[in-house]
Amino acid sequence: MSTTTQSKTGSKKLALGMPTPEEITAGGIPGISARPKLPPDLMAKLNNEELEEVEDIELPTEPMTINMGPSHPATHGTVRIILTIDGETVRDSDVQVGYLHRCFEKEAEAATYTQVFPYTDRLNYVSPLLNNVGFALAVEKLLGIVDRLPERASYIRVIVGEISRITDHLTCLGASAMEVGGFTPFLWMIKVREWLWELLEELTGARLTHSYVRIGGVAQDLPEHFIEKLRAVLEKSVEVLGECESLLVKNRIFRDRMDGVGTISAEDAIAWGWTGPCLRSTGVPYDVRKDHPYLVYDRFEFDVPVGSVGDNYDRVAVRLEEIRQSMRILDQACKQIPAGPVLLDEPRICMPPKNAVYNTIESMIGHFKLIVDGIKVPPGEVYSYTEGGNGELGFYIVSDGSGRPYRCHVRAPSFIHTQALSKLILGAGIADIIPTFGLINMIGGECDR
Amino acid sequence: MAETPPSPMKSSIAAALRETQSPSPPPVAPPAAASAAPAGSAPSSAPPPSDIVTIKLDGRDVQAKKGANLLEVCLSNGVDVSYFCYHPGLSSPAVCRQCLVEVVGQPKLVPACFTPIADKMEVNTATPRVLGIRRQMLEFTLVNHPVDCPICDKAGECTLQKQYQDWDHVGSRSSIPKVHKPKMQDLGPHIVLDAERCILCTRCIRVCDEVAGEKQLTMAWRGDREQLTVAPGHQLDNPYSLNTVDVCPVGALTSKDFRFTMRAWELFSTSSVCPGCATGCNVEVHHAQGEIWRLVPRENLQVNKYWMCDEGRFTYKNVRHKRLTSARIGGGRGQPAQITSIDKAVAFAAERLDRLASGGGTIGLVFSAQTTNEALFALSQVAQKLSTRGATIRTYVTGTAARPERADKILRSADTNPNAAGAKLFAGTGAGDASALLSDLKAGKLKGLWMAGGDLPLTEQALFDAAPLVDGLELFICQAVHDSPLLRRAQVQLPAAAWAEVDGSFTNNKNLVQRLRKAVTPQGDARSHLELIGQIAKKANLAQSEKWQVSARQAFLQMVASVSSSLPAGADPAQSVAAGFASADWGREYLPVQLRFANSRG
Amino acid sequence: MSTHHAPSTTEASSSTGGKVRGKIGVRVVGRPDSLEQRIYLPEVIRGLGVTAKHFFANLFSRKYTVTVQYPEQKLRYPDRNRGLHRLMLRDDGQVRCVACMLCPTVCPAHCITIVPEETGNGNEKRPRIFEIDELRCVVCGLCVEACPCDAIRMDSGVHAPAVDYRGDAIQTKIDMLKRGTHSVATQGGVGPDWREKQPTVKQYDPPK
Amino acid sequence: MIDSILMFLAEHTAVAALLKLLLLVLGFVMPLASLSTWAERRQSAMMQDRLGPNRANIGPVKLWGILHFVADAIKMMFKEDVVPSKVDRFLFALAPVMAIAPVLITFAVIPFGPDLCVGQVMSVVTDPATCKATIPLQVARMDVGMLFYFALASLAVYGTTLAGWASYNKWSLLGGLRASSQMMSYEVCMGLSLMGAFLVYGSLEPNAIVTAQGSNILHWGIFTQPLAFVLFFTAAIAETKRAPFDLPEGEPELIGYFVEYSGMRFGIFFLAEFIETIFLSAVVATVFLGGWQVPGLDSSGFGSLHLPHLVVVLLQVVAWSLKILMLCWLQLLIRWTLPRFRPDQLMRLGWKQLLPLSLINIIITAAVVLWRSGGK
């Protein structure tokens, strides 16, 4: 592969009128702003010896700047990567997020706490229920009712959360396989995801934008035969998963694409603030469900899968194993789930039963006040974190005592993972960008919250 | 509207907000008003020490004036006590029993609103006994309350809803059928009564008795059949009747005007001043979706206390009706005017004005008493420039006609212009009135006329008859909010923003300069008088970048500096209009907040 | 949060995988790398076998096929599915809605427009205009939850139709009343048995 | 009647060649290529548990959706043909032609049946050499047939490279460059892997290779040259630029050298790809699967079961078609199963693995051939 550095003869206009690096750095090309100088460690990597030594035997070349995204088939979720490439090698990249800015935080600050749930659905839109649960737990922590949550509600939250985690990982893995050309496993995984979504639709009334969790519990109890249906689906899913594995993990071509690509060390990953499957791929067994158990996660036996190298393959394997572990949790949760109410009996927080609202003035007043004024959350601030599909999903909420958050911030794992993308793809080929980007699993809704 | 007890989970933000929304009385206030400062703020002049007693309120020592109302002391010290029948502007009958508190040494609970404090009194407001009684009282109040929230206009700002949610939130234990009473009773021209919802607090009766001075409402029957009524053959028709709707803690009394048009919680509130008369009652403009839905009085003990008149509440309708929404030029002398852009109309006016002034013509400037101080000040600045350019300036003060029949000793004033004092001040001592203007026009003394505000104290017919007088003018510029026969004869017709669409100030009949705030965006192309004057002055090279051309706030600051520069220190606003300016304050800017989040009502 | 305390994060993160520490069961994912894999062909052929199995099974018996031939075949939406809105009716056929405005208040998408009017009869208030812009609607169901009169529901079993013009996506009161059915939820305090009595409502039967 | 027509054709070879070309291209290759656009979608659907396109119909005639290729063609033709500004218009227009023309031409050397014995079509022919006149079922029979194929196949690279360069798009340029490097690298390997077969069958002429393989299935290339079969098949798939070697297109990364093409111009690239697939199947069938040979079927029939010459020929043509269809199916199966290579891995595979293996194959084959011929 062509791996020369920039020619020493000075830059001249390339064929086809492509901008020269100088023009780009000087900001002389309309639409491309001047870029800051690279950090020293990246410069050092750029100028390392391995790259230098082959310079003499090749024709002098000049780097080309090329735009990947914002609308590019691989950039699911609108991200723009400005690449400086030398042949096929990425010499520099500038990852620009923000093309999908949804104003989640500001929207949340203009809405009552209950109204935020539909917005959280659209954060990480492949695992909306995990976001629902995360947000509800944050508000509940501020309200001080976490310990009083009904057990059944906690179990239901675990069940829907783990189903969402499976769908999240299936989407990530399937899309990554599809992007490296393996279209068939993608559709098989989507098929499994569809089964799970059908289950969730039965439970929540919507396939994707569930807005199912409420402060103090969940909106509705499980429908009839939900547990049995879930077990049946999981059984079928394991088979499909095995077939997908045989097409991907064991396939040498796929392995070649993944092995040693996008490698990051555990120290770096922690320094970048990574969490979730991406961090675990480097060998750090940090899982919020294990380390800081919430809901009823301390009652389940499950393992934290970790990788050993921190490359794309580890990220694939960790996610695959996590699907199995989630299935394990689901299995145990289905056995343990108790009967009981699914919403806290606390009239200042939870809506009264509909029948009472229709018939008594007391419940009617409570109903009105909860909707008009919102849930009055005592003043204070809280940071609550859960294990989202992509990593630690944190909600930081400041309450001023009124019915809506004064400040609502999301620690979105996708945003934090995407920071490191530039470093991961440095020196790799264009073809490596896609799986690396895909396995970081940037979800636009979450990244550009 | 006035009950604003601090809620147990009151937010600092909401508190800060309320502070900005509360009136900004001039620092130099009449001493009489100082003791009646809004609840919660320390009195500015301390009473003699002998009057101060110390009581123990929920375990902490609190100092207050001897004989003060215990409920007021509780509220001003941040102790939340629920109540329905108490109102700071009314007497206390202690009928609702909601504010019962425990006074150590007394076997029974006492109503806080009916108990004067005495030295060494020990009061507990949050013991289980008190809370239990409070809850029982609420349960009792709710026993016969209909399940009406969905159709009740008060929902969202209902005191009963608020107290239940704050103090009770327990289901009813009663299963007997509710007592039914008449609904939708017509009480008067503005009011509808729903007797089922009434919780018999008698606030409305006291408003009529004590504020309006007309004993029109009373309670009839007893026990669970007790209900509010008017005397047979009579109506609730006093000019302050709509205050009963404001003070009603539930939706028993509703305003026909506001009824079923908008939900209270969806409204945004902007504090402003009523433009209905020279009293200048402080109001909250409640608006949503770009429209004003109602006006409610805003507490200001110096001006209107907690009240306003019914007529004043309907002044918002003027903002919608008969508006001039686009500029027109070329009217007069029987020709129809052409609609054009503001810029073209301004350029047209400026060019003619410049020519007229340079030619040494006589120009009449009309200072309307319906217009803000800032616009009038700007016009006076322009007048100076015009006269230095060679024009002869005559000034006139106009406005709507006085209505002596509406004057009373309470709030209503005969002068229906909100800013007569300001207009007189800026028009100068030699200013004529509307009749002088008409006679000058008749005599042909004026070559040009520039009206900042199109109101004249004439009836529609008289105005129509007088209108041809302006046809003899070389230039007639009219900036007007509403369409009128006179305006249609102007060569330059400029749409001006109405009072609720501008920032600015009015000077009331007590020489207080009070702040208007922009609540809604101007209709059509309309712009504020100040902006229009500024643009004409700019185009005519009368002023380029004066401070008053920048913004209403800059104009205000320049105006205050300019007016008060010639004043002796410590001038009494009661004595001169100018002294009112010396102590005027622009106040803080804020974005309107939806009432459901503002924590201000109900 | 739970009272269970797991080993702290720092301790966990200092380990580099492989070992099981404390209560955290850590499983290091494998990196199988046999000779079979290295020479490409065996696994490639095995992979072809898997896909060929699906191909033939689907070709001859549709064994794994999950496709639904949409306009001809339709899946039944679950009971809880949130579809197009519908407005419920009173006993006398009038709209149940009293224009209390809770649904536009709670709607995060601001898609509901209600203009109330006075009825002149005992119901006092009703919507003169009740419109829902289905393009803005985010189908969260909060309006149904907020309705204190059982007037608006989303269990119509009909999904929002495709439209050519934005205006066509606005559901008017008439549209929603057409899908409406009679609701037995009573209002105004019927008596002591509301706690036990569940409203039994005729299920809306979507058009086939 | 038939005999006289055949005799006329046997004498006027140019007319015969034209007819054969029309028959082959219009009667077989083009329909098959068009159909494979539908077949690919249906086959991938079946592999992926879907149904695939099955709705295109003319009235009640549905034919499992086969008509989709008609719909596609009509759509392609009536789509707006967008030519971006600043492109090199001539080369931009030339590229699709350069992509499709060489592949079609190379079909000339593919034998799709045995020589037709003129005058004896209805009788049993035991030895074709005794025929008075023959019509070869091959458009052009030349001694350097396979070299002709290599020569023309390497022209196809111009189509992709020009398309990439002329489009005035950096992505398409990258795709074009990838395409040219990939095709050039793999042509070497392709040529060398066939060398063994040439040694075994002693000819460069495709029909001679087919004839030499005979009806004994064990003498077919796939058994005499198993390694070469794998190598050639791999390299040839790479040559068609289809998954797992679709790097020049690389859908989610580069989008392809034809990113700026639309309408029928894009359709031609698309079609060329499918024609290449068919052509590759034809070559593999010719060299490794006995071409038109049917196991056990000699020119006189199956052993003692004698068949008229025409029946034999028809059977053999059908066999040839079936072999091609089967190979096309196999290619589609591969395309929808395997993920894509990375450019460097592709080069490594080509130069460091396939090339040495094919050299080894030549040496071993040469040694065996030498040993079998007794050192002569």
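Chains here go by letter, A, B, C and D, matching the order in which they are written, and residues are numbered from 1 within each.
Going forward, a residue touches a chain if its C-beta (ideal position, glycine included) is under 8 Å from a C-beta of that chain, and two chains touch if they have at least 3 such contacts.
If you're wondering where the values come from, they're calculated on a predicted model, not measured in any experiment.
Participant: Over the chains that touch one another, what is the least number of steps taking subunit B to subunit C?
Facilitator: So the least number of steps between the two chains is 1.
Participant: Just grab the chain with the largest centre-to-centre distance to subunit B, centres being mean Cα coordinates.
Facilitator: D
Participant: Need the CA-centroid distance for the pair subunit B / subunit D, whole Å please.
Facilitator: The mean C-alpha positions of subunit B and subunit D differ by 89 Å.
Participant: Could you grab the centroid distance between subunit C and subunit D? Build each centroid from C-alpha atoms only and quote it in angstrom.
Facilitator: Chain centroid spacing, subunit C to subunit D, equals 51 Å.
Participant: Can you compute the centre-to-centre distance for subunit A and subunit C, using the mean CA position of each chain? Integer Å is fine.
Facilitator: Each chain reduced to its C-alpha mean, subunit A and subunit C end up 22 Å apart.
Participant: Approximately how many whole Å separate the CA-defined centres of subunit A and subunit D?
Facilitator: 45
Participant: Find every residue in subunit C that makes contact with two or more other chains and list them.
Facilitator: 44, 47, 50-51, 54, 66, 102, 105, 148-149, 187-189
Participant: Send over the residues of subunit A in touch with two or more other chains.
Facilitator: In subunit A, residues 184, 191, 247, 251, 253, 356, 358-361, 364, 367-368, 372 touch at least two other chains, as defined above.
Participant: Enumerate the residues of subunit B that touch no fewer than two other chains.
Facilitator: In subunit B, residues 146-150, 155, 265, 596 touch at least two other chains, as defined above.
Participant: So which chains actually touch one another? I want all the pairs, not just one.
Facilitator: Listed by label, chains in contact pair as A-B, A-C, A-D, B-C, C-D.
Participant: State the interface residues of subunit D toward subunit A in the complex, per the touch definition above.
Facilitator: 44, 47-50, 168, 170-171, 173-174, 178, 243-244, 246-247, 250-255, 336-345, 347
Participant: What residues on subunit C touch subunit A, complex-wise?
Facilitator: 1-2, 4, 6-9, 12-13, 15-18, 21, 23-33, 37-40, 43-44, 46-47, 50-51, 54, 66, 77-82, 102, 105-106, 108-109, 138-142, 145-146, 148-150, 154, 185-190, 194-195, 197-199
Participant: Provide the residue numbers of subunit A that touch subunit C in the complex, in ascending order.
Facilitator: Interface residues on the subunit A side: 107, 111-112, 114-119, 121, 141, 146-147, 184, 191, 194, 201-206, 209, 211, 219-220, 223, 243, 246-247, 249-253, 255, 259, 266, 270, 283-287, 290-298, 301-309, 313-314, 317-318, 320-321, 325, 351, 354-361, 364, 367-368, 371-372.
Participant: Name, in rising order, each residue of subunit C that touches subunit D in their complex.
Facilitator: Interface residues on subunit C, with respect to subunit D: 41, 44, 47-48, 50-52, 54-55, 58-59, 64-67, 69.
Participant: Using the touch definition from the top, list the residues of subunit B that touch subunit A in their complex.
Facilitator: Subunit B residues touching subunit A: 9-14, 142, 145-150, 155-156, 160-162, 164-165, 168-172, 265, 596-597, 599.
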